[in-house]
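Got a structure for you, questions after.
By written order: A, B, C and D. Residues from 1 in each chain.
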Amino acid sequence: MSDKFTIPFDRVVVLGSTGFLGKKVCDVFRQSGVDIIGLRSKDVDLRKEASIAALQQLAGGDVALIFSSALTPDRGQTLGTLSDNLTMAINVGKFLESCKIGLCVNISSDAVYPLTANPITENSPIDPAGYYGLAKYGGEKILERVTAASKIDFLNLRVTALYGPGDPHGSYGPNSFLKSLMKDKTVRLFGAGEEKRDHLHVDDAVFLIRKLMAVRATGTYNLATGRSRSFSDIVTALQQAVPFSFEVVSMARRGPITHRHFDTTRLCLQVPGFQFASIEEGIAGYYRFCFPGT
Amino acid sequence: MSHAVPTGFVGLSHLGIVSSLAWASFGRAVVAYDPSVERVASLAAGTLPVHEPGLAELHTKTHAHVEWVSDAAKLEACPLVIVSLDVPTAEDNTSDLTPVLALIDAIVPFLRQDVVLVVMSQVPPGFTRRLRTRIEQIRPDLRCTLHYWVETLIFGRAVERALRPERCIVGCEDSDAGLAPMFAEALSVYGCPILPMRYESAELAKTAINLYLIASVSYANTLADLCEAVDADWGEIVPALRLDQRIGPAAYLRPSLGIAGGNLERDLVTLRSLAYEEGVDAAVFDGFSQANKKRYDWALRMVNCYVMTQSAKPKIAVWGLTYKKNTHSTKNAPALRLIRDLAAHAEFAAWDPIIRAQDNLGAVQLLGSPADALRGADALLIMSDWDEFVNADLRPVRSEMTRSLVIDCAGALEGRRKELTGIEYVSMGRRPQGLRPAAASA
Amino acid sequence: MSHAVPTGFVGLSHLGIVSSLAWASFGRAVVAYDPSVERVASLAAGTLPVHEPGLAELHTKTHAHVEWVSDAAKLEACPLVIVSLDVPTAEDNTSDLTPVLALIDAIVPFLRQDVVLVVMSQVPPGFTRRLRTRIEQIRPDLRCTLHYWVETLIFGRAVERALRPERCIVGCEDSDAGLAPMFAEALSVYGCPILPMRYESAELAKTAINLYLIASVSYANTLADLCEAVDADWGEIVPALRLDQRIGPAAYLRPSLGIAGGNLERDLVTLRSLAYEEGVDAAVFDGFSQANKKRYDWALRMVNCYVMTQSAKPKIAVWGLTYKKNTHSTKNAPALRLIRDLAAHAEFAAWDPIIRAQDNLGAVQLLGSPADALRGADALLIMSDWDEFVNADLRPVRSEMTRSLVIDCAGALEGRRKELTGIEYVSMGRRPQGLRPAAASA
Amino acid sequence: MSDKFTIPFDRVVVLGSTGFLGKKVCDVFRQSGVDIIGLRSKDVDLRKEASIAALQQLAGGDVALIFSSALTPDRGQTLGTLSDNLTMAINVGKFLESCKIGLCVNISSDAVYPLTANPITENSPIDPAGYYGLAKYGGEKILERVTAASKIDFLNLRVTALYGPGDPHGSYGPNSFLKSLMKDKTVRLFGAGEEKRDHLHVDDAVFLIRKLMAVRATGTYNLATGRSRSFSDIVTALQQAVPFSFEVVSMARRGPITHRHFDTTRLCLQVPGFQFASIEEGIAGYYRFCFPGT
């Protein structure tokens, strides 16, 4: 699929430009010639009411806003982070109530879905298991209502497990595997790694965001590959990619085996024929990034 | 009933045309009424606006017994009047009862005082009893007997079923009332069981039959999906199911792109909204509804996985535009939906045994033969089960196509799997042999 | 197969006992193995731990052909060995495969090198192919042929179905492999169709049949609810459905308190978790599952509405504690659940044709006759469909009860509605006549 | 059903004691001899962090807390009220993280459910249509998690349309009908009042709360009668109860006709045989309250 397409906005503002996805979006958009403004919490602290005024200076009908700020689960799922995440969404909502922009892209998460439903579509029932997912769901509802009232286009993206170079969290899966591989040539797996998940390479996520913005898609999309793989598949892929042998340590599982699959028909209709990085390709590239020169 | 005394048919859409001609074929006089002067003139001239196997022959044979009229006063001669207007459905498959109510309001003033009035239109539970009250208000003098007669029309088999119904379900005011003798006598020509019951039971029976078929289809499609996932073969399993007497040899077990055509969808929507209004748990209906809504995606998924990933703008041949064989109906037809959904990403060339140029086809080139449609195509999609496809000459599939890939959404070539050498074949309920999907594709 | 050469049956639970005796009834020698010394001794002594119509007679007739053993080495004599242990289910209706795997592990060392090994236990799709690998690891020298044979046991009709199966579904390594000749010959005594197919297809076929029955039951229960809501009568509608050949005369259309007994629930759970693991949309299964989970509430709702609102601590008579007739099984039986749920709010007196004192009954007084259970009761709940209830003497219902109110959760008296004068009768699929519910009750 | 039962707590603290339900709970509990402390926002402003310390003084293992505070939809469904409602729940959550009490009763709302599902059970999917329902849902999730972690019993009550003497809001239905009847002897109905809703008399709601607390029920319960009635049924009941004739004005409906039914099996198992006030009884009593001496 060709990536020769343009973003039909004069300026793209990214809130949360130091996050895993936010940073990649800024880099790639900038490389493809988009006028991009990346804001960190140091620049504009969305937890403060003053942030609204700061954002107002960036508004305009030709502006697309990507709201990617969040205190991620690795910061603790506490009432404090919940409150902060909700406050950020409310303040962005208040900004959008006060100013006109062209498009609001909300970076949400598949944490809004329970782990009991398969395969997940954009119409699957919501039931977040933790405060992070709850805040994401609250943010969606807030921005959905505000943009509808202000006639601002709204694109809501529920992103599944992201992996790839630059991940700062070391979340369980490819990211934690590479991290521990670099640390002590060991990979730690819950049980035998039977759980299937949909692992999305961060580069594919960025491509899809660009493409959906380019075709002016609106509404909710799950960003996922549509093909779930078990964690043990990933270990196998890693064993194939890595020129040395490593130890696989099995840890006690904390709960029953769960699986997560996506039915990506809605996304597919926007990018038919798009080929996601296979887990084998993605893992191999990630390894080369972590172990340059091997 | 004397053959000289005519039966009135009111509303000459698909149901009314087939029913009145079938009724007349038993040598009975028929007054066929429709308020549309044009439609009546055209029917009188022998032009049939619907396609059904055997309908033209039936028309030729029975035409002399039918008086086509657009003057409702002609119904005064009829002791038995049958309301046979199809209930139209909206985009969301809800029923629009306005036309049938308007039609009944228009004829009631002309009905004989002791008329037997039979409603055959596809009405929801509760309609007939409310209609009684409505008629009493318009014509307090009328001593009419009101029945609801479940129509058993199946698109593509309408004539056969109108001539030889397997049973007649008739709604009566209450269980013990029984049929008006004149109507009972008229139905006796079919030699099939007559089942009188309460209005509500009969109205529900009609939708209940269709819901059972939807249940079977939804079940079969889900199992077919599971077969693909666990590497079982639905085609091996179905014969075992048919041998179970609790399931039966004629059960609807063929996988498909889900229900289409509008009638089954209407009945599902009707019962669903009834349950919603009454607070009856309808998780089962919701399951059917969701399964059928998503079933079309199978076609999209296969096209995406095996075709779109291989080529930037593939050429796709489509056999079949109607929603099934032997009908002209394209209501909810998956072929048209697919062409619309992928219009920007693929080129479509189609062949259909009956559809010629018409408005709603979308971006597709209509060709004159199966082989013409195949020329230079990257894939063939079989989208309905016409006999022409089931018995098609497969040589052009091998010789004319750029890639001999067949995605059979209708199971048309299921019975010929052993003949398909040299053809990549994708069908429901088993994993395609020798074909690998893209690693992961959107 | 020579009658002198025995067939091995491995695992003597319900399935194993019935199957081995039925097998022997054709004059064939059987070695029936179970690791439990106690169970083997008791079977050898003629004590049958399960209730099935005709089983005692079958045992008497065939006992001489069966050698009951708890020594696996005796299987060395058997060229054909059939694994017939029932797979137990947990509280949540999931299958526990550990016992059947342990049993197979225990016998594999004693199998003949060219044995035909047939699995009859209720295993999920994928099991048999994985089992092949497992056996190869334990006994690399074994050149066994492995089949999966779908059991068709129905509680209460097990003997009849073991003697005269309507068809034999047999899983093979692949579609073209066919049956081991010895096994094919053995099955030929039944004179029914033999359907060989892939392991996965056969494993899925077994659950697919049950799922179809669940689909029919779920459908019927939802429609029965709708009938109560719109004042239709499901009893009038069912005969019309049975006349439709796509539905058939033997379709499962009787309303009920939903599936029970454990086997259908197990198959629903098995397919549901398979779909979950594979990412197959199972909205249809979810609909069945939800409908069946909530179906029991019908009984609770009726008791609450017509009984609990009338009396602070009513006395309730219960006929039937097993989940259906002709079985001793109380697994998932709604009667026991109801007694448990309302233990604090009502007094229960029960009569059951087969159940005597046992552990899991809860707060209920077991009485010796139907009339005894009725004495002084404010309501009678009929909770299963034993012939004893269908044909019950109704005089005690009128004479012994404080209030002659019958809540028939099993449709036992459906066919006798005209006899029920003087009895308030509540059943599924129609509004109770002459009974008003409380304005609104929790 | 007898109401001779005792609340197994030494003290009951009601947050939101001036609300429709909160006030009735205080009155009835007090009459039946319960040591009850009703707090208004004037006493403890839950929107402020300082409220946590104030609440801590009331804690104890024998204390039941009823959290009934909320800015109701008639105060406007704005980002401001959303933020306030969420902050209140978060502060109550922080209080419960810091102190041990015996039971937390959360007064939630059927606004957490969409109007598309029928009949509703406690397991029906969540999809709040507005900010009020969203805040209620957020509150539920917060208190559910906090109480689970602190091993505090949690009783979550989703209350459907309440009516009866003392309603301060005049919400559409019995409350607005009586209000406009008192004002100008007119009743205003959307369309022909076809919509079915489950109308719960406030006295029944209070009884159920007491009863559920008495049997130490925990988890989520919908408080509803299980029998829905159309608004036109209510007008008919009113016409029968009222000795004068009044005008019924039909207003244009704002959307399609919706219905709401509850399957109250779960509640039923706790209070079998409980007879709710029929709409006819409830309306007649409400009328006598509004028009004393007629």
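Structure notes:
Heads up, the rule we're going with is that a contact is a pair of C-beta atoms (placed from the backbone, for glycine too) under 8 Å apart; a residue touches a chain by one contact, two chains touch by 3 or more.
What you see is a predicted model, and the numbers here were worked out from it, not measured in a lab.
By the document's definition of touch, common neighbours of subunit A and subunit C comprise B, D. When every chain is reduced to the mean of its CA atoms, the largest separation from subunit A belongs to C.
In this assembly, the C-alpha centroid of subunit A lies 38 Å from the C-alpha centroid of subunit D. The centroid of the Cα atoms in subunit A and the matching centroid in subunit B are 45 Å apart.
The mean-CA centres of subunit B and subunit C are about 38 angstrom from one another, to the nearest whole unit. In subunit A, the residues touching two or more other chains are 263. Residue positions of subunit C touching 2 or more other chains, listed in rising order: 275, 278-282, 294. In terms of which chains touch, the assembly is arranged so that all chains touch all other chains. On subunit B, the positions that touch subunit D within their shared complex are 275-282. Residues 79, 82-83, 86-87, 90, 93-94, 97, 125-128, 130-131, 134, 138, 141-142, 145-146 of subunit A are the ones that touch subunit D when the two sit in their complex. Partner subunit B is touched in their complex by these residues of subunit A: 1-2, 121, 208, 225-227, 263-265, 267-278, 280-281. Across the complex, subunit B meets subunit A through its residues 294, 297, 300-301, 303-304, 308-312, 341-342, 345, 438-442. Put simply, subunit D touches subunit B in their complex at residues 118-119, 196, 228, 259, 261-263.
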